[in-house]
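Next come two complexes built around subunit A: one with subunit B, the other with subunit C.
For the complex of A and B:
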């Protein structure tokens, strides 16, 4: 038996980026479905790229940290708020969705 | 020559953007406003920023229309409290703004069971709002072609509309296949028999029995063309038309062959070579309708 509480786990991360995109309309990619996730990018004040993850798969905080760190290496965004609703997506799917969101940001 | 894009494989947002005139869609309550389900988090289920439905206005062939699309990949398109309230508010606004038509891209298993009574009430409010829009003389067009079909309360909502467009891979019914099997047994209905499921709920069956008005291929451009053609297809409801419909359905039920498969029903409708229907494409089935 796991001693973890049922429910959604909320994880928050913050990275310091260099690339500040110009003004942009919020971007949404993906759908909250089994093994899938939705990613929203919004403009934010300050130099940070913040990420908030709400996930039904509890206990994977370290893996999220690693996937998001890799993402931030590929796209060192600044002044962006990333919001994620996850339903058990694998790290590869998460990485692809994040890249898709940045692609939409650059080529809407 | 353009490449055919499958309607079924598009997300709700992709369908909307490809259905209407380019760059004319304006969304109300977009994801960044975070109008989400107040119930799901308590059950450990992640929310969606748009609660699984996109609502807004756009132009279609230059005409101002209201459009909405349900996302089948989020909880099977289930109608929760917020999801339903978005659809209701969207249709009430149509009463005020009087667009040329209201188009609903339905993909739903019906009520979102997680939200229980709130979802049931939401679906009934959607029905009432839809009938108010019709009564105001604004045509309501429902388009069905998503992989989850259109079932439960949303199946009823679809049949309340002026005009129903389906692809041959779309499905429309009240109880879904799994529900029928669970309640009446596998001898009554084998939900894993895909050919049976589509013969009984699929677009071809709905077209041959007159439950949908237009049958098209699973193609975005075909949906757009059918939506444009539907703009002028308002059909007034009267006591006479309702009574005629009830007579038709009562006769059909009375005359249905015992234990009949859909093929026997099509034969009874007078469809030539009914057994071949499952193998035909949409254009060939269109030529067969006699109802």
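For the complex of A and C:
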């Protein structure tokens, strides 16, 4: 168990996907600044697409759930671990970064 | 038998004006020379000409303020002068509310109070101010000629000569409307000026207000206060704002062929201005949209002007730092023979109402009928020009393609009076679904309703009515309310672009999909826009320095914007 900074909320989600990308080097987009976030994609074993969110903006679990559910509908990935470091980005920016990350995955 | 009635005397206004002038002359003595009053005697002048119960217009414009006269007014003796009725466009300075706390003024009619909104709310709930009404600018000017005529106008001008002619220059703004109403109803006009010309070595560049309309002139010790309200640093624009601007250009400006428009203040519209020479150019739209503007001289319009998009701009006021650029672009801006800008808020508001096909602006909150408001709890901020610009102009009779197309969409399938063929102005509300601190822009009930209860207003302070809104544009897409046939469709169309706000998450998914199929909701993809293309690289200028460079060095930003 890692030491969490006080004030950071950790959220975890898991989706069953269909599209398994081939082996890939980790993808990193975005930057952790106010109103921004960084998103990393790494290969993982198993059929799931897991998402772990570490965010300084606490209490928005429901919105993260909806945003990530819609993301996974757009890109039903399997065997991918998504890691997010967020500093209060709006859902619009989150969706944009996730789509950017997948775009880099497909066109490295 | 009835006593014979006295014949009515009809010279009250003239007699009253003469009495006030006589008092001023007696009070000031040698401090009054013709019309010129020494600055040291400003308070004495006001004590002499004012009477209890007077209606006073203290020039609080959106940009310029008669600040020296405001500072003098708060020093007037409240034992003699009290129960003043203040009528002014904007409450900008602390003195504008000090007159109420000092017991000088009791009643207020105004349009906008942005900087003083919180303090105004406190004074209202403490019973120290009675608000007559909150207006839109043109509406307030109109009432100066009907039932809110000022007895005294305290205005700000750039320069005066000894006769009392005034040069108001680039920041002419509201002055002509205020002075005309006051001067031609027996009122008294007092002007503070930055400079008194002697008529020998210095002259007025032109006459904006003739001497015959002016009673007293005071050379203020400091230039009058002016704010650069319309300057936006392109460095602060985000990719999301670029995306929304792309949707505005493609989904609305190009779609309807909008040649004549007004942009409300803010970063969202600044992004549109900066995308015309780049994204707009890539779509081949130059010459097809955005030729004629009712707009303050936005620095962010410089690249579009330089690229040949803009034929004309009429302005409400000026913008600090733009003076030399405007001089060098007299083909585009309204300038005098002297070369400097002539602005006029009353005429520009009329132009925006009748001669423009589109208004687009931001808001803080919108409900499910499309009503929008910038009123928030504990702040009475007012409306400014938005209600006038963002309203269908039902008196309009001349046609344009954009106006006809919008009108056809609204009336298709309607019968009776509501279906009588007419055009409609495009009124676009452009807003990100979440504001700062993840405050949702879309709500079930506007704060305006609570504000109504708290302050006892007759109506909730709604800035733009849903019935006038034709399009709602968010980062999620465009909802075309013209194509909605009933309140249920309108509600789902708004929910459909409200994203992940509670209001958005509670959408009827099937209904929203149906609306998208019908083209009532259009997402970025439906407009041929890939959100990943929406980057800051698309902006024609990305910094204040870029704007200066685009202007060939003519634009001179105020110091607070010099960040390079």
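Heads up, the rule we're going with is that the second predicted complex is superposed on the first by the 102 of 108 C-alpha atoms of A that agree within 3 Å, B and C clash if a C-alpha of one lies under 4 Å from a C-alpha of the other, contacts with A are read in each partner's own complex, and residues count from 1 in each chain.
Here is the rule we go by: a residue touches a chain if its C-beta (ideal position, glycine included) is under 8 Å from a C-beta of that chain, and two chains touch if they have at least 3 such contacts.
Please read all numbers here as calculations on a predicted model, not as lab measurements.
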First, second, both or neither for A:55, with subunit B first and subunit C second: first
First (subunit B), second (subunit C), both or neither touched by A:87: first
Which of subunit B and subunit C A:26 touches, first, second, both or neither: first
First (subunit B), second (subunit C), both or neither touched by A:8: first
Which of subunit B and subunit C A:42 touches, first, second, both or neither: first
Contacts of A:67 with subunit B and subunit C, given as first, second, both or neither: second
Touching partner for A:78 - first (subunit B), second (subunit C), both, neither: neither
Subunit A residues within the subunit B interface of the complex: 6-8, 26, 28, 31-33, 36, 38, 40, 42, 54-56, 83, 85-87
Touching residues (chain side subunit A, partner subunit C) in the complex: 35, 57, 60, 62-63, 66-67, 88, 90-93, 96, 99-100, 103
Of subunit C, residues touching subunit A in the complex: 238-240, 432-434, 438, 475-476, 499-500, 505, 531-532, 534
Footprint of subunit A on subunit B - complex, ascending: 11, 13, 30-32, 41-42, 44-50, 71, 73-75
